[in-house]
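Chain nomenclature is as follows: A, B, C and D, assigned in order of appearance, with residue numbering initiated at 1 for each chain independently.
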Amino acid sequence: MANSRFEYVKQFEQGDNLLLNTWIVIRIDGRGFTKLCAKYNFEKPNDRRALDLMNAAAKAVMMELPDITVAYGVSDEYSFVLHKTCTLFERRTSKLITTIASTFTSYYIHLWSTHFPDTPLSPPLPSFDGRAVCYPSMQNLRDYMSWRQVDCHINNLYNTTFWSLIQHGGFDAKEAEKFLAGTLSADKNEILFSRFKINYNNEPEIYKKGSVVFRDYELVEPGSHDVAETVDNVAEPRTQSKTQDENDKKRRNKARVVVDHLDIIKDDFWDRRPWILSNKPGKVPKQT
Amino acid sequence: MANSRFEYVKQFEQGDNLLLNTWIVIRIDGRGFTKLCAKYNFEKPNDRRALDLMNAAAKAVMMELPDITVAYGVSDEYSFVLHKTCTLFERRTSKLITTIASTFTSYYIHLWSTHFPDTPLSPPLPSFDGRAVCYPSMQNLRDYMSWRQVDCHINNLYNTTFWSLIQHGGFDAKEAEKFLAGTLSADKNEILFSRFKINYNNEPEIYKKGSVVFRDYELVEPGSHDVAETVDNVAEPRTQSKTQDENDKKRRNKARVVVDHLDIIKDDFWDRRPWILSNKPGKVPKQT
Amino acid sequence: MANSRFEYVKQFEQGDNLLLNTWIVIRIDGRGFTKLCAKYNFEKPNDRRALDLMNAAAKAVMMELPDITVAYGVSDEYSFVLHKTCTLFERRTSKLITTIASTFTSYYIHLWSTHFPDTPLSPPLPSFDGRAVCYPSMQNLRDYMSWRQVDCHINNLYNTTFWSLIQHGGFDAKEAEKFLAGTLSADKNEILFSRFKINYNNEPEIYKKGSVVFRDYELVEPGSHDVAETVDNVAEPRTQSKTQDENDKKRRNKARVVVDHLDIIKDDFWDRRPWILSNKPGKVPKQT
Amino acid sequence: MANSRFEYVKQFEQGDNLLLNTWIVIRIDGRGFTKLCAKYNFEKPNDRRALDLMNAAAKAVMMELPDITVAYGVSDEYSFVLHKTCTLFERRTSKLITTIASTFTSYYIHLWSTHFPDTPLSPPLPSFDGRAVCYPSMQNLRDYMSWRQVDCHINNLYNTTFWSLIQHGGFDAKEAEKFLAGTLSADKNEILFSRFKINYNNEPEIYKKGSVVFRDYELVEPGSHDVAETVDNVAEPRTQSKTQDENDKKRRNKARVVVDHLDIIKDDFWDRRPWILSNKPGKVPKQT
């Protein structure tokens, strides 16, 4: 509506569209969560309430933005994946990362009191920054997801051992750090078991594997299809009809968004859920 | 800590640092606020509670991020200005825009119940997207700010007239739109006055001028200094000592962040508050 | 070696690295070649000397920059393809496009007198601009190449007909343009044949197909291998040993760079020359 | 003209427009000139023919691209400055840097035989890479130019001493390098004078100062105007009429492009030639 001699300033905006036909990963990270953990007395090494809150926020983000095909969270970070054919906001970086960071924050704050009923928030409030990275191939994307889950495993094994030494072994932080310097995974497993009778394998999956969020359709028999081929065959440019798009949308909306704690490094997770990489909605199970 | 064959995926991140020695404006916009206004019954043409909430969130953002030198808000948008010498997050676009969008959102949700005590939030929740634009000269920046304030004025005059026609004149939306098509400012003023006895000049400043947020130091006599020169003389690169930086920081933290509804198009606002453009904190008033 | 208070200006350079694991196409275009064609009396619709000069320059570029895996030229443009694993100049856009544009220009000017012995150059001299585009998938790259060759065909059929009408049919430019408006390929073929006894199929391949430049190894039997798979299996990140790299380099240097006029739309060209897409040098033929 | 199912590949091009209202510096550098100097027996420490060739090519570039307001060259590099109001090629990085690198190369090759009549070129041929950097303020730009000229001075003093030691002092390269390690400017001056009777001040200006290329109008009395103000007052956005643009263009074309070897660090050079920074053509001298 407006019209003035100042409008020329609009021309200073610069393009920031992400390369077409690449997988977009948007990762958000908690800002200053070390302080925040201390302030709100998060339990160590893992605070179940805090993780459940992260997962609830991530789930809400996925329901508001159906273009997100899968998400993976660990600790105070969450990675959201947009399919390589996604055209949301014309793939403009700014719009994508601020929308996801803001929507996530919105639910995190809104749902805080549900997960921390006895701990009211006070300034400075939790917030999240974010960034986008493009991955050209499915393998790159799979490797990104694996990277985060390996990171989860390594950190959790370390933290579980570190905090056992402190909470049950009489170490202080410096001593525990020194004690663990140079140890391998096997060493940490051994320390946990011999000193604290903790079998790391029996630790909760949510701590060991992190959380993966996806739409739930009927599982597919591995080997009955070729995901890689399906993904590669996604026409370039997209040639799907509007009717098909509408149908896909309806089925996507019917699907339940679930949070689970599964191995996403091996093929099985992806093979049984081909819709995540193909972006073609699966069969909605009868009893939802 | 982690270390795996998947780590190569980190290399896909691309640089997004904003050009040095330019003013950075980060503007956030409410997503889908037309629907949101309807859902929560925002008053028309302006909802004072909603604007106060926007302003409270903006003020909190400025207190958490002292690098922001001034902010301007109207309707569901807010522009935050980082000084041309700012080096926050190495001027990385992603970090800057997501941090501001997320922090703003955080306070908006947290403070909602204070401003809308009888209207609980429910999904889909409010969220904001954001973008960064660089302005090389002080004039460009001033013109950007003027652009937003002119926009505020034009929209508010239109909306005030439009909603008067509907609320007090018996028009429906289509009729009002048609009636106002092609009218000039003078015409709208005349309609308001002759039909509804409304003198537009007497409308609240917050609606006519929007809201400007800044740190409050002792005002300076216009003409007693040359802002433009001061700004140009900001050394390139910055040569200030660490002690000076520390002093500046202390004074900045002591300063009250205020929200006001002033003319930011004319020189007076800027001349009397040279610290906004020079980034040199002013004199903190005695009685804060 | 230098060191001065002015050095800070180096920090204003911004990153421009192209996304990893994508095919890089660098296309150069003659600047103002319409004027140039007139100035040096290039023959219409095609000047064989000018095309040979373009091809000679492109061949020289490929020999100086072994990272280029294939090139395709038509009229006053040439597209150079860098393999998706290429790390030349750390994939910096500026270095890549200026190096290719400059090297091409260098040979174009140097070889001019060989191809136009009777037509000395005079200012303003020929020059070329360039740009880089990334293609994430092999299919995208193939489609790019096909796009240029289809363009070549369509333009050449049009130009052949257009100039026949003028040179042999007594039309002037406006009349010819009007006459051809709305005609299909079949119509132009018919015009050429019925009016000028020209069978378009018998026109020289260089005009109909453009020119493709590549390293020449022993052809491979189509069907004996799976190029797509080979390309996808290019490890990410590259895991090849230095010895293998050295061997590849030697074989690449031994290979002859050839210019040919083949169909690059169909699979056959690529199937028989898997080294172009796999970046693994083929078998050097014995008699070079 | 063309139209095919492959055309979608055009959409993969990404924007690369340089920020408005900033000075654009495009610097080109000789590729592999150390080898080239050896191959063509360039004289050490400076080859006058090679520098004259660089300057001739730079002058030709400035005549073909009137948007370039000033250029500065030293050794095998040349920096070309586009005024902050320049809109050439919509300020697209790729077009700007390839056009300048290619045009420069074109003249370098074309004019080679004039400057090296007895030394024919042979592959690999000379070529140049290039890059663009934006400078928001006039001071940044001036500092960039000063940086290059200080660099010229430091390198030339070193090289003059180094090669004197070798050519007249019986040192080999390693000995000379070791001998000069840690020496200051005063030391090198002293070595030159005491050992070789060379007064560095009397060395040719082209070696000590490098070469600056600009349009030649009537010099202006320093102090009679305020360049900085004039530059700042360049309206944003440009408000000049088309007639004024045309007049400017005519005067610019009438002006002689000259190469000189002047101090561009001090104000004097810029004060006496206000047109370089204001982009307003000066008064064309009568006897050209």
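Keep in mind that, in the parts below, a contact is a pair of C-beta atoms (placed from the backbone, for glycine too) under 8 Å apart; a residue touches a chain by one contact, two chains touch by 3 or more.
It should be emphasised that the depicted structure is a prediction, and the values quoted were computed from it without experimental measurement.
Interface note: chain B and chain D, two copies of one sequence, contact each other through mostly matching residue numbers (shared numbers exceed half of all numbers used).
Looking for a copy of the A-C interface in A-D, A-B or B-D, one arrives at B-D, which has over half of the same contact pairs by residue number.
Chain centres here are C-alpha means, and the one lying farthest from chain B is C. Chain pairs B-C and C-D differ in how many C-beta pairs are in contact, and the one with more is C-D.
If you average the CA atoms of chain C and of chain D, the two centres end up 32 Å from each other. Between the Cα centres of chain B and chain D there is a gap of 43 Å. In whole angstrom, the spacing between the mean C-alpha positions of chain B and chain C is 50.
For chain D, residues that reach two or more other chains under the stated contact definition are 8, 12, 14, 19-21, 134-135, 140, 143, 236.
On chain C, the positions that touch chain B within their shared complex are 8, 11-12, 14-15, 17, 19-21, 236-237.
Note for the complex: chain A touches chain B at residues 1-4, 6-10, 12-14, 16, 28, 31, 60, 63-64, 93-95, 97-99, 101-110, 121, 123-135, 140, 143-144, 146-147, 150-151, 154-155, 158.
Every residue of chain A that touches chain C in the complex is listed here, in rising order: 19-22, 84, 134-137, 139-140, 143, 228, 232, 236.
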